[in-house]
Amino acid sequence: MIVVMKSGTPEGEIARISEELSSWGLKVEKSVGKHKIVLGLVGNTAELDPFRVQELSPWIEQVVRVEQPFKRVSREFRHGEPSEVVVSTPNGFVPFGEHHPLVTIAGPCSVENEEMIVYTAQRVKAAGAKFLRGGAYKPRTSPYAFQGHGESALNLLIAARDATGLGIITEVMDTADLEKVAAVADIVQVGARNMQNFPLLKKVGAQDKPVFLKRGMSATIEEWLMAAEYIMAAGNPNVILCERGIRGFDRQYARNTLDLSVIPVLRSLTHLPIAIDPSHGTGKAEYVPSMAMAAIAAGTDSLMIEVHPNPAKALSDGPQSLTPERFDSLMQELAVVGKAMNRWTKESVNSYQLPVVSGK
Amino acid sequence: MIVVMKSGTPEGEIARISEELSSWGLKVEKSVGKHKIVLGLVGNTAELDPFRVQELSPWIEQVVRVEQPFKRVSREFRHGEPSEVVVSTPNGFVPFGEHHPLVTIAGPCSVENEEMIVYTAQRVKAAGAKFLRGGAYKPRTSPYAFQGHGESALNLLIAARDATGLGIITEVMDTADLEKVAAVADIVQVGARNMQNFPLLKKVGAQDKPVFLKRGMSATIEEWLMAAEYIMAAGNPNVILCERGIRGFDRQYARNTLDLSVIPVLRSLTHLPIAIDPSHGTGKAEYVPSMAMAAIAAGTDSLMIEVHPNPAKALSDGPQSLTPERFDSLMQELAVVGKAMNRWTKESVNSYQLPVVSGK
Amino acid sequence: MIVVMKSGTPEGEIARISEELSSWGLKVEKSVGKHKIVLGLVGNTAELDPFRVQELSPWIEQVVRVEQPFKRVSREFRHGEPSEVVVSTPNGFVPFGEHHPLVTIAGPCSVENEEMIVYTAQRVKAAGAKFLRGGAYKPRTSPYAFQGHGESALNLLIAARDATGLGIITEVMDTADLEKVAAVADIVQVGARNMQNFPLLKKVGAQDKPVFLKRGMSATIEEWLMAAEYIMAAGNPNVILCERGIRGFDRQYARNTLDLSVIPVLRSLTHLPIAIDPSHGTGKAEYVPSMAMAAIAAGTDSLMIEVHPNPAKALSDGPQSLTPERFDSLMQELAVVGKAMNRWTKESVNSYQLPVVSGK
Amino acid sequence: MIVVMKSGTPEGEIARISEELSSWGLKVEKSVGKHKIVLGLVGNTAELDPFRVQELSPWIEQVVRVEQPFKRVSREFRHGEPSEVVVSTPNGFVPFGEHHPLVTIAGPCSVENEEMIVYTAQRVKAAGAKFLRGGAYKPRTSPYAFQGHGESALNLLIAARDATGLGIITEVMDTADLEKVAAVADIVQVGARNMQNFPLLKKVGAQDKPVFLKRGMSATIEEWLMAAEYIMAAGNPNVILCERGIRGFDRQYARNTLDLSVIPVLRSLTHLPIAIDPSHGTGKAEYVPSMAMAAIAAGTDSLMIEVHPNPAKALSDGPQSLTPERFDSLMQELAVVGKAMNRWTKESVNSYQLPVVSGK
């Protein structure tokens, strides 16, 4: 952090400020120019609010943060190397990461009954998905809307996994449910509305399952990375960042604004794998295919796509769900771009060899 | 909800759609015009997604919601009458509502130690505040920033209440902490980041203390009211809605965009009392006074203002906190507008007579 | 501007960068600390893009702007003193500014015919307005909507001025129309959609009539002040800044988000007078009164309010227009807050004495 | 448009409203249900403000628009067929449109001198671009920044066209300059800041050169299409819609939010060709390649990319410009996706045969 002093600041004031800053545990480095004096603050400035420093003296012209506030999630933390999140599934280990093939996650918004979830799992597996998504606990705007079948739906997810060998990803909304969810899920999802539910972030950080962290509806990139930092700081290095559309000023056609530019931005800032959810990102099934194509071309590591056997009868999010048939054909379209980008594979996931030390 | 059929829709198709909608528990009322047929859906349409109806047939031209999705929070629910939230404090009952004097809530962002919280409580009480705010559990962007003293801070709030008789308002962030927080708080706060933490909303709705519900950073008015609906649907009628600034495209000077137009908008939509927090709303102490003045003139029922004995040393949110001295003078400035608006009182709060049936 | 070099930057690289920056006409001042070297750039850095400096070397850690990019509009430009914009009207000189009574501007969105504009002028004058607003050239989203009566409407505005002595404010949308508009208007308005129409800004800056500069729909405070800077740089010091609502994510109830926090923000940054337009700011007549009240309490210097004799039949913007009767009663409500704020006057505007040198 | 009447509306009131609406030139079609009466309005409702209808009676429950407000730009206007914009260049006719190969436009932000513009033109032509972009008139936030060389730069663009045969696209900012600009340009650009400069839209609509219409920074899709409607209504059918990034809440890394979802949205709404500008869309050269890849995969018809021989010395927009070398390699990367999408061609543009009647 850099403190720029106004021209003509008295020596005594600079000494006073430096002393105060030292008492905060910071090392203060004074640089004297002809017109201005600049104080460089060395130490744990990541958590320091620049405004707090500004308040120290009316002689301070400006306080400028020159460090990123995140550490463990930063690309530098791994010396520029991407991390990989390797997830164990009945069908084998599936790695997410920059140097791995694209991983497709598909399934319905919510788990409605055993037949539909097992059938959907079979269909998305046949089309090439490696993970089944499906909500047991559902965040719904209205208290009168279907809230998910909760614990009983978790058992249905187990049935779907047993039937297909797909990995399971499902959302946890409350710290009180984490144990139950993590017992079933191969990847635990933290939804957009909970991206800054800090008690939840701490708890998912203190357990072992990989975490799929959706971006909050109006979260900045920095806030999103800080949320991931919460998880990593609590001990869990296996975080996947998922963009799912941000809130914009025009919601007439697409419900959210899918921000695909996060792909190159995150790539330069963090080592963590990146996923894109074009279903929530647009809110409308007919926009999903071209946004999924775009995400692959932009370099995403993973796609999450909603598929429902009968979207018109879905208990939630029907309008943005693809039918299994449309998903089949979409996967073939995606393969064309995926192959062009060298991110597509037909080989069995079982062939992946787990590294001795992974993602840590 | 209204379903507009395309010109030339076959009779059979209309029959099929009507049957399907009836099977959803809706009554379908057909209106035949010269060119178009319009189906009116009667019943529990509040929780019905218009897109789901749209999917029923390609002959449907448009589906239009003509009902509000909220019920208990709506102004109509009380036949146009505002509700009042009456809070018991050691100093007496304090009513929040359109027909009552403005209620001022003041105090620090977080409870730092006994001396500072008791001192601040004494100062804000002397200046005219009826409630002390102070965070025990703090939502912080960074995992490395001060997270609040938690449970031990709750005891310090009790000390401050004992010393002053002020009511206590403090935030709950996790369902696991609700019991502890509600045991101490006279009003339980749900923060902006948790406005759509639905498990938390359900739980605060299932206990007795009034709830102070902050608007989420990018929550629409409708989403905010639906969050209040969660609380009311769970059984708690005592909800106060607090605007605290929304996320905008310009954060260079004011950190958030304080949306004062919610005051007339909410007044027409809901019976619930309205509060404004100009401290978080602007993020900068120097902007707080004029926004507090504006809020009173626009008709707010309550103000929440951050006050800290030494903002430059505050463990959180220092830049937006007023000193006790500045708060003293602000209260005198506010009195001028408050009196002009007939929303100011000098009389002791003890004189308020609790109605036999309150807020229910 | 400050350039922070990475640790270990070679001496030669710093010399090379300094030389390059000097060739851009900047004075480079090197400050050497123990760990880092900081280059301070002195000179005309207001127009320098920090990214351009960043590109100079991979050894540059960060480039930080520490100056405001605007000059003439800055509060410092007048040594902290507010400017006043004094407008000549048939009824006398009317001053806009921090130390003057609130100025009310009222009238219809567009000039429809002589009878309606003269009648409206008479009514708003009787209620206390000093200026009549009325559009001859109208920016309309649709090419098929009423576009204003253009030149012929300018003559109707003259008739209204002749009948009432009110000053006239009307919008110019095209450089080709400026001469005609400025011949009639006492204040020339640049609308929100033209806030960054730079040829137009230059031209209104090169003529003598005061300019009413509305904030662009998604303009930052800085961009808005830079637009005013265009006008002042072209020679015209008489600029009034008008907030009229910005684009937000929730347009279901209020059409725009009226950003009243610009009042304290602008007050600290600029000497220019401030106006608020709650009619466009909310888009709905029923929200106008409380936002007008709030604007006065927050310290606005002027209000612009839409009044139409028959809003339901208005050719444009009917829904946000007040009837003359509602405007009468609103002015009485505003007087209560205006007097409390010491910004209200009953004395004739003719009593205002034009200073020898005004607003320059 | 549909008018829903409240339950119990008196017959006389419905008659009165119907009469009033008829006097506006609308046909009113009454549909009587058991509980409610619905009025369907037939006629020129595209330009009717629903709020104006709402004002007619307190018995009106809701007014709902069921038509799109645009006509000529709508996909239906061409019975579902995409239009093509065929541009004459010295190298031959170049068609923009859904059924044609991707067209690449490249060049510097502004024309700085003859050497740089000719050199850049040669380089981008060699890499595969069909058009040279380059600004003569530049919209700049600051009045003190380089404003473009104006008319003299137009001559330099002619030199670059003569040297390469590339088509020229350049921006017009003022109606006063249109004749000069259109005399040189093969495509006339209307920039984001002028998207709702209606006098300019009318004038570019009344001349013959194709128009490249950038989306305004906070323009909704509907407003953007209405701006194109202005051009088409004035007689010019040759409009290309270009997304260049919208204003969002997070500008720390990418300056704007490139909204690629416009591609499927526009495709379903309009017949007009679509272009994407990832350079302004992100504001940073390093993010341009992946966003260009994504745009092709999502189905764009054209790309506009900034290329400058020496970005660090560019007079404007250096940080987002690619070097000619980077552009060379990018074009090879784009070819991979372009070929996979069947939108890439190596054949000479001269082989394109102009249809007898084009784009009308």
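Chains here go by letter, A, B, C and D, matching the order in which they are written, and residues are numbered from 1 within each.
In this section, a residue touches a chain if its C-beta (ideal position, glycine included) is under 8 Å from a C-beta of that chain, and two chains touch if they have at least 3 such contacts.
Source: prediction; values computed, not measured.
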Co-neighbours of subunit D and subunit C - touch as defined | A, B
Measuring centre to centre with C-alpha atoms, which chain is farthest from subunit D?
-> B
Chain pair, B-D or A-D, that carries the greater number of C-beta contacts = A-D
The distance between the C-alpha centres of subunit A and subunit D, rounded to whole Å, is 32
Express in whole angstrom the distance between the two chain centres, defined as the mean CA positions of subunit B and subunit D.
-> 41
Which residue numbers or ranges of subunit D touch two or more of the other chains?
-> 218, 247-249
Write out the stretch or stretches of subunit B touching subunit C in their complex.
-> 218, 220-222, 246, 248-250, 252-254, 257-261, 263-265, 268-269, 281-282, 286-287, 289-291, 293-299, 336-337, 339-341
Subunit B contact footprint on subunit D (complex, rising order) = 2, 4, 29-38, 40, 42, 61-62, 64, 66, 218, 247-249, 251
In the complex, go through subunit D and note every residue touching subunit C.
-> 44, 46-47, 49, 51-52, 54-56, 69, 139-145, 147, 173-177, 193-194, 196-202, 217-218, 223, 226, 229-230, 233-234, 247, 284, 311-312, 314, 318-319
